[in-house]
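My questions will all concern the structure given below.
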């Protein structure tokens, strides 16, 4: 078996096009997941039953599901809701946002809960309002505590986007798959894809470790 | 008898024990005190080989810890140890905590070990807790079980590593009472503690450590009434308030 | 909303109902096999990660990092497409055509390796959360290293690791859905097969969702039962008091 690495350079722009789609999908999903996740996460801490139960149900339901199935589900459901067919990309964005929101929600809930109740009491005792206490004491501390988990989850989202493959979206993995069907160079192509993913994820996990060490030493 | 001869130890660059010399004779009670990070716990743990050291030697009844032929398992059977955070086995009942080593290490029968364990629980004052799990005991009770566990191996020497510093104030006395009884029964003891009342009552010698060195040593009177070093004076001022 | 004619009866009509049930059987078989292999491998790698022997520790660390930083789907494609293409021409066709259930076993290999790295991480974290003085306490009563592990550390670690292991088992079952991409006829694959034949994708996909929910409930139930079996009165209280 001899390797022909030209397959990478010959199709470089095509592959990079796929990577760009992957990155776009990941970034939108992370942003959307964070926003929705924050709302749901705070809902999980709400004293109002009408908010607490739906958000809890949503989180627990999503977490029992394989992502791939959620992708399919929205792929079939969205055209029904909107009344017209939508593209694979839009449907994937919605599926990822909703799915990842359930994971972000739990991180955010845990982050807020990690702040001792004494902190709020201390803020109240010096005359701050609820929102001021949140703004100046709880949120900054919670954010610092949950940063490593948030980054880890962002890396997971980045990896998860490869599943958009199943609805034919031409992201990074699908691009390699397309080239492979034409050129029959599976080893080179999948090694390359693996390597790119590895480099991105590995460097992010290093950043995470550093943050965690900083947190421990603080 | 324990002889500590010129012992030095480094953690990387940091020297945690600096040329320590000390002799603990049979039946003696030695209290080791000093600020945190002074090396007192490290010194205690090096006595039964839990902390290795680079230079010098420690001899327990003539057996050198530096001798590669020394059997640490045999050595530790003669030296009981009590830890700051009790370190009971949470998945075993109180009685099993005490009997497991005699059964597994000394091959004692279950009934013999159980009988002995009940005697020890009587001695530390909590026989009624035998069938409970450690997690359901108070800190003071847990520490008394830990003492019973160590005594079950019938050791010649007992080592105590800050046995009361994780306890609520109202529980300290019940543990110290057991330790005083033990001291008066003639047990050889090395105790890392800041409980100066205990030291006054039973210590034959008090060692004050700072930055890995023994800075001062004395009997209770000489140490408490006129410590020589500034560091010891300052330390005593702080803890005796 | 678009007019969509829901036809749930599709799910229990012949042959579609049978397909889905076959899919469930494959999902369960795949999940159980991968759980077993991932546990065995994970325990070995997890132990390597905490040994004093540096080469083993570095190997185990690289292993966990490697499998964690590449998407599972890429790993599956690598095992399925790339590895056989390393074989000589004749053998490659033989592998694809003659090995019974080749896709199935490739997923068992890929998913087990991937999951073992996650299990190893939980094992390491579990053992590391036991204080070093607990080990010292065992040694101080005259236990050998082996005895200290046998009677103290391992029984404790098992109890500490059970809850995170439940999560890992659930993850394994969810990840079996990726097997559809290499043509294993498991639940997700079958639900899409039903959609291809009937165009009732929403019903079929929803049915699959319910199936994964039921699998989750069963796993949680079984693991909860095991946890109860091994529960120690006061152990959680103690942990709470310590921290």
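We just call them A, B and C in the order they show up, numbering each chain from 1.
Here is the rule we go by: a residue touches a chain if its C-beta (ideal position, glycine included) is under 8 Å from a C-beta of that chain, and two chains touch if they have at least 3 such contacts.
Treat the numbers as computed from the prediction; the structure is a model and nothing was measured.
Participant: Taking the touch definition from the top, what connected groups remain once chain B is excluded?
Facilitator: Drop chain B and the rest stays one piece.
Participant: Taking each chain's centre as the average of its Cα atoms, which chain lies closest to the overall Cα centroid?
Facilitator: That would be C.
Participant: Where the CA atoms of chain B average out and where those of chain C average out, how many Å apart are those spots?
Facilitator: Going by mean C-alpha positions, chain B sits 46 Å from chain C.
Participant: Measuring from the mean C-alpha position of chain A to the mean C-alpha position of chain B, what distance in angstrom results?
Facilitator: 52
Participant: Taking the mean of the C-alpha atoms as each chain's centre, how many Å separate chain A from chain C?
Facilitator: Going by mean C-alpha positions, chain A sits 21 Å from chain C.
Participant: Which stretch or stretches of chain C touch chain B in the complex?
Facilitator: Its residues touching chain B are 131, 133-134, 136-144, 147, 151-152, 155-156, 159, 232-238, 242.
Participant: Help me check something: in the complex, which residues belonging to chain B touch chain C?
Facilitator: Per the stated touch rule, the residues are 45, 48, 50, 72-74, 76-77, 79-81, 83-85, 87-91, 100-101, 104-106, 132-137, 146, 149-150, 152-153, 159.
Participant: Note which residues of chain C are touching chain A in the complex, please.
Facilitator: So the residues of chain C touching chain A come out as 1-2, 4, 65-66, 68-75, 77-78, 81-82, 85-86, 170, 174-178, 180-181, 188, 191-192, 195, 201-202, 205-206, 208-209, 212-213, 216-217.
Participant: Within their complex, state which residues of chain A touch chain C.
Facilitator: These residues of chain A touch chain C: 1, 61, 64-69, 72-73, 75-77, 79-84, 159-160, 162-163, 165-166, 173, 177, 180, 184, 186-187, 189-191, 193-194, 197-198, 201-202, 205.
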